[in-house]
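Everything below concerns the one structure shown next.
The chains carry the letters A, B, C, D and E, assigned in the order they are written, with residues numbered from 1 in each.
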Amino acid sequence: MNSTVIMFYCISAFILGTGILAVTTGKIFRSAIWLLFSMMGIAGLYFWMQMEFIAAVQIIVYVGGIVVLIIFSIFLTQKSGEEMPKPPLTKTIFSLLAAILGFIFSYLLIYQYGFNDGNAPFELKVSDIGLKMLDTGEHGFILPFEVISVLLLAALVGCIVIAMKVKSIEE
Amino acid sequence: MFEELGTTAEGDMLINIGPQHPATHGVLHLVMTLNGETIKKTEPHLGYIHRSIEKMCESLTYRQFVYVTSRMDYLSSHINNHGCSLAVEKAMQIEVPERAQVIRVIMDELTRIASHELWWGAMAMDLGAFTPFFYSFRERETITDIMEETCGARLTMNYICPGGVMMDLHPDFQKRVKSFIALFKSKFDEYNELVTGNIIFQNRMKGVGVLSKEDAISYGCTGPTARGSGVSSDIRKLYPYEVYSKVQFDEVLETGGDSFSRYMVRINEMLQSIKIIEQLIDNIPEGEFQAKTKAVLKLPKGEFYQRVETARGELGIYIVSEGGTTPHRIKFRSPGFSNLSALGHMVKGSKIGDLVATMGTLDLVIPDIDR
Amino acid sequence: MNEINITDILLVSTALFFVGVYGFFTRRNMITMLMSVELILNSVNINFVAFNKYLFPQNLDGVFFTIFIITIAAAEAAVAIAIIINMYRSHHSVDVEDATDLKY
Amino acid sequence: MFIIDYIKDIFKGLKSLLTGMKITGYYFTHHKEIITEQYPDNRATLKMADRFRGEVVMIHDEDNEHACTGCSACELACPNGTIKIINKFDVNAEGKKKKAIDTFIYHLELCTMCNLCIVACPTDTIKMEPNFEHSVYDRSKLTKVLNRPGSKIKAGVE
Amino acid sequence: MLSLENITNAVHEWLNATLNPTLALLSEFVIVGVLAIALFAVLGLSLVLMERKVAAFIQIRLGPNRVGPFGMFQTVADTLKLIMKEGLTPDGADKFLFNLAPYIVMIAAMMLLAPIAFAKGFQIWDINIGVLFLTAVSSISVIGILMAGWASNNKYSLLGAMRSGAQIVSYELSAGLSIITIVILTGSLQISDIINAQANGWWIFKGHIPVLISFVIFIIAVTAETNRAPFDLAEAESELTAGFHTEYSGMKFALFFLAEYINIFIACAIGATLFLGGWMPFHIGHWEAFNHIMDFIPSSFWFIGKTFFLIFLMMWFRWTFPRLRIDQLLNLEWKYLLPISLVNLLVVALMAVMGWHF
């Protein structure tokens, strides 16, 4: 075992531990904080895989954006210090069962499928991402890029329309 | 969590501003109902610094009760003393010597400038600018030095007494006042450049805490608060006392009714006070500084009322006398109390930041409100 | 085990996926369900990145999918939260079982 | 035009901010404008105004004589009972009993420096001193006796 | 000539020669960690003192002058006081999050230190996405503030946290956009590339007016991101007493306080790196003699000097301006800074494509 392997196990344990806490904690605000840690752990995993760009995007979008948004919505809608009602026992058992069975099934699938690791060196250059993003050629991503930007714009407009108070009704 | 902290039925947040809070400049307690950051309701709670000054005055003689009033509105202690002395003089029909009258008016105006200086600094501090406080205190310190030299104290001077003033002016008085006027004029532009003209400040002040003319009248607002809403309420003009009828000055009126109008009223009032002092400082008549009065003052039976214009508005002193050496009943009509009552109306629907800006321009002195 | 290969990473992401699934099943609060969905999306992202790095190092497709998923997740979270807040305004609750009407 | 107003607004705002910064910058670079006093350090040069009211003292001349007749006008004038005068009866040369002061008790902790006692005093025997450093560890030390031990009234003061 | 690069290289070689690679790496980690913490302590002490002195001189006062010459050890005394104070946790607070929050803020500030080049060849981690890393990690500290505000079980804190969240999330946009202008001009996210691109002139001089505009926007945005006056709404003394750290005392408060100053230092260091050329000396065209003299000043001095100049600028703002209101703060961002920086970005992109910069 070298240091890389140890780091991988630490990061994985962190991701899974905080992830489990995020879905089981009773207090909703704490749950959001655990989710945040889980996201940061995943960013750490990307760093471990030497995908610095993805890791940074992960931190910016998830940690700086989505989790803050979630925390805000918790502040706005919840009595956030309260314990949330516990799910009924049968529901918990069946969900747990479903999750574990699903995990075992996927585990067997992954285990049986032999991946042939190319072990070719991989280096993520930021300029490559930029070039590919705007490439109109065979392996270019200009179309999805444009579609995504339209989607973002639509989401932006949609959010404003949904969350805007309808003044005429209230007055 | 909110239920533990206290919310209303509609889910609005109840929050206590004060009694210990940096923006209330004392022990004012505001119970506010907030919807997010928007203020729905403001309710001032008083009584944290009530010292029953009115009741205390009933057991003090007419010479003694004057000094207690310095402790009400401690920033315009001269003017409070002046009002009390005027009430006693009115009742006893004492003719105050011309020299004492002029000295009293000069002292009043100096007090007014000092009070407005402190208000200016404290208000800028409420808005988050700390530096103006020190600049305004530089000028205010000059005034308190002048006061110290002539009256013997810096804040609660007890210099004006029934019949005139307690002691004659210090020989250096005129010279120092003139140098103060020169200093003030040289520094006044800094005030405008640093605070008044600042874009952040203007945005914080304009259109905030609007008090309409009708509301100002119905809440009984006086002083700069009323004049900012366009209500002419300067006692010095409407019911002139002492030598105010003989000096030239303008009543500062603004019609906006918002915090910025009240701010501009006070800023310009400082200039008017300087104008009054300039007219009088070279023309202090020679003569007695105190009328000949008996050692023990006895007011005739009756009720007497006198109003003066303090730095905050109209101060009314109402004395009921049974003919003895002590008043039977004394009531002060303090300007801050009426001005504060308009606060809830002014800040309704605005943000917490606006509350601070509005409260700053009301220039509240809590001991004046609570007495 | 001296080397981490793709199977290990896939296991981690699978576990994370089912953690998210468990949360999605058990929670009734819309915000916590949204959080579970985020976990699921993240586990998929890990897969894409791992496939790209270990299996197709000459391409960048996995990276691009990840970037697009992150973008969509952001848009989705924003819209979902707008809906949640709007629903809270009308129903005073964010419980899924209270959201039975399509129109209110 | 909207755009022109927008840009004008920005420049006006920036200009107002820069004028403010000019003033604070001026004071930052001009240290001689500093006005604060280093109080305990400048004790030697600190000069209070002559009339500053710090505490009430009784004037004694070099023969340890004062002018207090014990008339208690100051005690009556004081609004909050700061002054207590205890009189005794001296027997003078002609064998007549005469009222004189025994102890002039002055409660500094109660005093508001209103100056009414000084005004009331018919013989100008008490005055205000510009001493303002009154802090002590024991409150009882603030209760003072103003007439010095062994002092007596000046001849000729009635 | 004293050069930090030589020292680090010598240390690196010596460690590799005497220890095996893993141990050498570990000991380098330890050295870097110790140096970072030492830097934090020194920065915290000196910046607080600097703030107080700047405030004092602007406010025609003398400032701290009792402890040590010119009050130099005043902040040391203050730190001792804070360490000895009891760290209270209010009743009803979420104790775990309440105690965690200052560390989150502190760790975020620490992570930001990694890609900053303090001198020529003196950098902890020259990561290939340097600027993006800085933008990303700086967004973590808002979580700490939200946590602190919520966990305190205090309404002032909660309001402060909400304000801070809205503020930091929106001002990140224009800060990011103004950073991107420099990335466009340089064509790289790596800090060392950005600095090397300024060898023949700093971007603020080479980039004409658009870069000047983005510099101004950057300064405004980082002032807001670090919760400094006139954007200190999260702690707004006269409105929310102390905002999100109302309930903190003792060492936990000191951590918040320290993190604020570290964040200021880092924000200013980023500004100095991007716009003022980092450790690059000041050069003028063909004045060889002048350039040579400038080269003689150690590169660390250049970096520290530029950073402290920007810090002074931020302190100057703080002690001059009144505070904005929350809606005005968001107006300023969404109606002024963001549109301007978007247009500015287009202009810079055009400039970079056409090669109009020097």
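One rule holds for everything that comes next: a contact is a pair of C-beta atoms (placed from the backbone, for glycine too) under 8 Å apart; a residue touches a chain by one contact, two chains touch by 3 or more.
Because the structure is predicted, anything quoted here is derived from the model rather than measured.
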{"item": "Smallest number of contact steps required from chain B to reach chain E", "value": "1"}
{"item": "Of A-C and D-E, pair with higher C-beta contact tally", "value": "A-C"}
{"item": "Chain closest to the assembly centre - both centres taken as Cα means", "value": "E"}
{"item": "Where chain A and chain C are represented by their mean Cα positions, the distance between them in whole Å", "value": "5"}
{"item": "For chain B paired with chain D, centre-to-centre distance based on mean C-alpha positions, whole Å", "value": "25"}
{"item": "Between chain D and chain A, distance of the C-alpha-averaged centres to the nearest whole Å", "value": "72"}
{"item": "Chain centre separation in whole Å, for chain E relative to chain C (CA means)", "value": "33"}
{"item": "Per-residue overlap in chain E, given as positions that touch at least 2 other chains", "value": "58-61, 153, 319-321"}
{"item": "Per-residue overlap in chain C, given as positions that touch at least 2 other chains", "value": "none"}
{"item": "Chain D residues counted as touching two or more neighbouring chains", "value": "17, 20, 23-24, 35"}
{"item": "Of chain E, residues touching chain B in the complex", "value": "55, 58-61, 92, 153, 155-156, 159, 163, 229-230, 232-233, 236-241, 319-328"}
{"item": "Contacting residues of chain A [partner chain E, same complex]", "value": "3, 27, 29-30, 33, 36, 40, 52-53, 55-57, 59-60, 63-65, 67-68, 71-72, 75, 80-81, 125-127"}
{"item": "Chain A residues within the chain C interface of the complex", "value": "1-2, 4-5, 8, 12, 15-16, 19-20, 22-24, 28, 31-32, 35, 38-39, 42, 45-46, 49-51, 53-54, 57-58, 61-62, 65-66, 69-70, 72-74, 76-78, 84-85, 87, 91-92, 94-96, 98-100, 102-103, 106-107, 110-111, 115-122, 124, 128-129, 132-133, 139, 141, 144, 148, 151-152, 154-156, 158-160, 162-163, 165"}
{"item": "Of all residues in chain B, those that touch chain D in their complex", "value": "60, 63-65, 67-68, 131, 138, 141, 145, 148-153, 156, 158, 161, 166-167, 170, 190, 193-195, 197-200, 202, 295"}
{"item": "Chain E - residues contacting chain D, complex", "value": "54, 57-62, 65, 316-317, 319-321, 336, 340"}
